[in-house]
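Labels A, B, C and D are assigned to the chains in the order they are written; within every chain, residues are numbered from 1.
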Amino acid sequence: MEKTTIQPNKQQLLNRLKRIEGQVRGVHQMVDNDRYCVDILHQISAIQSAMNKVSLALLEDHAHHCVMNAVQNGNGDEAISELMDVMKTMTK
Amino acid sequence: MEKTTIQPNKQQLLNRLKRIEGQVRGVHQMVDNDRYCVDILHQISAIQSAMNKVSLALLEDHAHHCVMNAVQNGNGDEAISELMDVMKTMTK
Amino acid sequence: MEKTTIQPNKQQLLNRLKRIEGQVRGVHQMVDNDRYCVDILHQISAIQSAMNKVSLALLEDHAHHCVMNAVQNGNGDEAISELMDVMKTMTK
Amino acid sequence: MEKTTIQPNKQQLLNRLKRIEGQVRGVHQMVDNDRYCVDILHQISAIQSAMNKVSLALLEDHAHHCVMNAVQNGNGDEAISELMDVMKTMTK
């Protein structure tokens, strides 16, 4: 059976991702219109920061729900190793 | 007069940004379909890393063209301060 | 009662920190001897990366031991919130 | 001839590095005394942030002095490539 996760703040996450998609489209347009690259770089930093917030929100829900359930069902070590792998990717 | 920059690798940048936009839309769909959040987090990391490559490519072109021109025209200090501000945002 | 943690790999961590302390002293000496700043910057990056490895090792031990114990003793939510706070500081 | 750099804010940099060395020694002591690992992790984050400030200060001086001189002497491309390499290491 495939693992699934119903996000507790699903609609909020979907809205944020919609907005980020629009921001990426905006950067595409800035490049297409030969906009000054320093302005583009600041806009990309804003996207990175918005994306990072989505990551942390997902991670937080994951830790409070999936990881806690796993520990209570005796699969804690596996769930925590998986959590650490994600964190290593995120802090790289 | 507004500053503009014609990117030397404009088409390549536009292609990359198109791909990133698609990846963000993919993450939106993963959340919508209740996909396992660890998989979503790894996908977001891939987007962050692709976005970081776009930043560095823009920064590199900017430094080799705009900054060098500015130094040769006697506006180097201002151009380099601006470059450092972008760097600070990117390493934050 | 104050919280304490006996690190499972205590001696290895202490050795790594000793080495990092020596590397910081080395950077001090490089600045003092007017060494080329690009070389200094690469050396600082090496320190940052060594320090990051110490953080991740501590975090991993913490999650597998303290957080798991806390969940099993019914204090999981608090322990996981604390873990997320550290994560936020580390990915900032 | 070996490249050297006399830092314009040499004494301030040396003081900061001395302080960071003391902070690393402090973390060593915290581990040795079995201090709570979340406290240690916050302390390491403070060191990383102090170290990052030293990097940015060095980078800023480097860009305003060495890179500008190089551009004026016709070696700009080489100096800027070197600067970008350092920046890539720092944003990795």
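The rule is simple: contacts are C-beta pairs under 8 Å (C-beta built on N, C-alpha and C of every residue); 3 or more make two chains touch, one makes a residue touch a chain.
All of these numbers come straight from a predicted model, not from anything done at the bench.
A.B. asks: Please report how many Å separate the Cα centroid of chain A from that of chain D, as a whole number.
C.D. replies: Centres of chain A and chain D (C-alpha means) sit 29 Å apart.
A.B. asks: Roughly how far is chain A from chain C, going centre to centre by Cα mean, in whole Å?
C.D. replies: So the centre of chain A lies 24 Å away from the centre of chain C.
A.B. asks: Whole-Å distance, chain A centre to chain B centre, using C-alpha means?
C.D. replies: Those two chain centres are 18 Å apart.
A.B. asks: Residues of chain D touching 2+ other chains?
C.D. replies: Residues 52, 55, 59, 83, 90, 92 of chain D touch two or more partner chains.
A.B. asks: Taking chains as nodes and touches as edges, what kind of graph is this: line, ring, star, complete or other?
C.D. replies: Per interface graph, the chains form a ring.
A.B. asks: According to the definition already given, which pairs of chains are in contact?
C.D. replies: Contacting pairs: A-B, A-C, B-D, C-D.
A.B. asks: For a test of understanding, state which residues of chain C touch chain A in their complex under the given definition.
C.D. replies: Interface residues on the chain C side: 52, 55-56, 59-60, 63-64, 67-68, 71-72, 76-77, 80-81, 83-84, 87-88, 90-91.
A.B. asks: Can you tell me which positions in chain D touch chain C when the two form their complex?
C.D. replies: By the definition above, chain D touches chain C via 2-7, 10, 13-14, 17-18, 20-21, 24-25, 27-28, 31-32, 34-38, 40-42, 44-45, 47-48, 51-52, 54-55, 58-59, 61-62, 66, 82-83, 86, 89-90, 92.
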